[in-house]
């Protein structure tokens, strides 16, 4: 394990940024985001960014191809945003777990090469949590916020930054950096995590097993009734992975891009034959069924939620996965 | 207040109404709008606390068309939206039993978080104070600290068009709500441009502002409609800065009651209300005071005119600080 | 797939001199969707049109773009030509490369480049053009004239003359209007009754004209060619078909103290009355506010004396529902109330009268039998003061009207002249701001009053009138003489401003016809369409459109009739196909479009829609009546959802042009 | 400010069919010159101009947008330009508030008889916009042709 006085954090960042782009969580609580590091940029004091770290691998908008029209000729131009090596510092345990979930979707056959390119170029430095929010429930999903995964795990304690490489890529990063000394991190006080109000969420009613029972649960109607159909939950969610492909007519051609879609939107998976989920109830249900039933059914019981709590904080009407879990979980109890 | 509202909810339910109210959540603050149809539900889940700030009038568009009567608890500012939506024939008034609830200002979790409170697991309403429970122990804070922006500059405590009231009827207030608009107007164009670029470029086009807005209740939004030619689904390039938010504000100009929901729900904390307030301020100055939703009769300023209205060149003539 | 033909016109050298037409047609040939592009010397010539038609037939063109002069010049020509070749005329677009390009640029390269861009914009638009068909709506061949004054009578007579049935709705018991109250007319001084009453009789006897008196319009639905009108005919408690107009009842009625409105309340009539001897219809009417029988059930004298048995105390209001093709508003005017002009002591002294009252005092059929006597003591007045512009041309408008009432200068001159003629022993003063006499023989008339009749015209306003010892102390300024005048007058006559009849405002609402701030009806165009309302099928006759004298009123009445005849002589109306259209699936029913529509073309219906999962939902949605819509597009911008769009100038079409231009 | 001699602005001019479009035609008939940068789009009435079209023009690379309509009181449809006037006043004020150069937008009432005024207005507007330079604040980079 390496260590570095926190007073030298800026120097460390500068050293990383010398060779590759470095993103760190910066900004005020509520709007903090992963921001390209520049001289003087400070780490946010917020626990987490408003949008998740998935943006760096799966950005909200991404160019796919251009079609240039000259007279009656159409030329297809590959227009991939170039992937360059980068380091993502300060990813929390929850967001880090979300990469595993996204990998299972985008890196399985057929591989999403746009995602893959970024994934291969990115080195993830996670940061252990010490001050959780009341909305945190990663522990209820088997994640240890004090010992996150990633290529490198970082801890901040007693004036030092401790770093541990978990992968070859992590080793490579650490070995390239100056200023680091050997050191062991002190034992962390975990008592605050024991006080988290959502730590004991019961997920036993979910998983791939009881699909139709959950699908037909009567509770969906009252859960969905006040949903506004905005995309906030999906856009702040680290594991939402749906996208749409759109064409933008520039006048001189077409720019084809993909962008995040939201199952909350009325045109979600709209096809020429119509909308397979015509009501908000069905779209609302889709979101939670996907995370809590379909995804586990396809991925050995792993849930599509990492307990980051963003949807709890951001939903305009305070409807969220925890309330869904409670309502449907209650039902399932004998 | 909680007990009176709850008792009224039960009474109205038993008189045959469905009741639009608030359902308790995990914490004190995460209440969800809900329609109650049984006494058990109300007794178990119904809450009315300082965090019940969302404007529920928009739900009445659908609820008033569902058959039967629906009862709703509306704060003064909600009643303006309620009346505006009637004016636009969206809410069927005869199917709504409106209970006006006088309001001391509503709290906002984001305001508490901005005040540095973290890990808030609960709170107790103690009148002027709020006792906040956190993961690291309890803290007592002034209720004013927790008030949302719109409540700090509340424009009216008047309850409009209610079938009944809980609490006293209030008055229109002298509000300082245009101060921030004035501050921006006083800037140079470059500063204003930088300010708005900074704010609007955070937009993730989640549409929360639009979907929560009572005025934005179009059957189909132009920005969602591929046939409109103006559709744009994602924050690609500068579409939100240059089109979406300007047109959205324009579409609700003269109809926006300044309820402030757009800013409340924005996950990126963009002060969208400052766009709407600019229109309101301009309308008041150029065409005479107008408050959307204040009555059912007055023609909204954008579907009205006077022969001697000022010319558009007034924008240049009056300078940056009108 | 679109097959667009582009035809670039040289217009001789008008275009070709500053636009390289060859380059333009070549460049446009390469645009998406274009299958043919050429240029020609005179595209509008027969040879040019033949070429367009030939290419439409040969290539099966789906759209045509003509780069030529302004569409205001030849759009119709080219549309017709294309239509003859089987292409819908609305699939033709014009790129204006003459007036808006070749003629305003000198540099050929610049002109050519711009012409290409304008051509591209037209191509982009025509790609989105839809074939439009002008709809037709039938015309009900019957006209309604609202108001039975000289304006309404003349309009009705002229329409009837052309063979169309016409109804006159008059709110008073008789037609005739204000002109019946007038004694002599300027500038000829012929007797008003002598020229009006024969017209009233003509109207009554014309079998095409149906007079519905003592009645008011209650509801108007429909649109041009197809109005449906509900008329309330008030109970007059006398059977019109039986009453012979003998007048016996009006002599026997014991209720004698009813102010006689025909004489401006200067004398009294009975509770059952015929307004005046030449009334049309000449039937009695019971005034329910004064009739003892109707109020208390005790009396019945009229019933007893009526040999025709026409009295019917139980008569009810009658509702008449009728269809019309055209409606003429001829609601006329009334003098404004003198309430706010206390400086003239109108309410303090009966000897201060309005001009219309003076008119009755001078009239042989009036309360004094035509002898000028002071209302207060019935004595002959020796000094008369006429005050002009009372309530006219008032700035600020709180007290009076901002406009000039137009007729006062002339009738005051008439009154002054008549007074001096009949009573040479009188002194007559006229106080004026300006004397306005812009009419045929008007100025001569005024000068006769001054020069031949010795009327004292004083430029200046009367400041105060104070009744004192049977006299009226008039305090006034003489602006030209630069002095204050004090006149002891016997009578003061106020030339009260005129305003639209009070019934006009609610009527305008029913007709969705627009009004100005003074409640005069607005014309469709102040210069070019002065007798039409902007609402199609509604026409304006007389003073309801603005202050007018009799000849002007009659002229306008005739003009309105001509417009009505033009409309009614058609079996069908062809509608402008470039009208607004509401997409019901997107309509919110919010009424914004309806509010900005100047024509009342938008109505709402509750319509059932299929929702998801076999549900249904009733929503309020806008509907545009294509026969009424004129295609301005105000509604399309008021509509936030874009449900309202304009055919021929759709959102998508305009944005396509924008894109092409800004590319 | 440095004036770029080479810069030619793109101007979209929306003209109502009855007055201003005819006024533009009259300018042409009288051979009154104004820069080719102005491209006219014919609309039935000034009230047909949706603010969306203006922003669209800027998005697509317009440097200035001008609306011409009948003089207030002379609208062919009686009231259209009154509505247009309110809409444009508020929109322009909003653009100003957002820091967009207010000289890039303009409304001018031009009758069918005012060919000279039309040409004059366009000359003046083009030079004003040319002085401001390229519209960078409202453009959409996707529409930049390379």
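Before moving on, here are some points about what is shown:
A, B, C and D are the chain letters, set down in written order, and residue numbers restart from 1 in every chain.
Here is the rule we use: a contact is a pair of C-beta atoms (placed from the backbone, for glycine too) under 8 Å apart; a residue touches a chain by one contact, two chains touch by 3 or more.
Values in this document were obtained by computation on a predicted structure and should not be read as measured data.
Simply put, of C-D and A-D, more C-beta pairs touch at C-D.
Centroid distances from subunit C, each centroid being the mean of CA atoms, peak for A. A straight line joining the Cα centres of subunit B and subunit D is 36 Å long. A straight line joining the Cα centres of subunit A and subunit D is 46 Å long.
We define each chain's centre as the mean of its Cα atoms; on that basis subunit A and subunit C are separated by 68 Å. The set of subunit D residues touching two or more other chains comprises 51-52, 56, 60, 73, 79, 83, 87, 142-143, 145.
Within subunit C, contacts with two or more other chains are made by residues 596, 638, 651, 655, 659, 662-663. Touching of two or more other chains is recorded for residues 222, 230, 236, 302-304, 307 of subunit B. Because contacts link each chain to all the remaining chains, their graph is best described as complete. Interface residues of subunit D, counted against subunit A in their complex, comprise 60, 142-143, 145. Listed in rising order, the residues of subunit A touching subunit C in the complex are 69, 71-72, 249, 251-252, 275, 278-279. Taken in their complex, subunit C has these residues touching subunit D: 70-73, 96, 98-101, 103-106, 110-111, 113-114, 117-118, 121, 514, 522, 524-526, 534, 578, 596, 598, 630-634, 636-638, 646, 649, 651, 654-655, 657-659, 661-663. Contact residues of subunit B toward subunit A in the complex are 25-27, 29-35, 54, 59, 109-110, 113-114, 118-121, 134-136, 202, 204-208, 210-212, 224, 232-236, 261, 264-265, 267-269.
By the touch criterion given at the top, residues 181, 184-185, 189-197, 222, 230, 236-239, 242-243, 246-247, 249-250, 253, 275, 278-279, 282-283, 286-287, 301-307, 309-316, 320 of subunit B touch subunit D in their complex.
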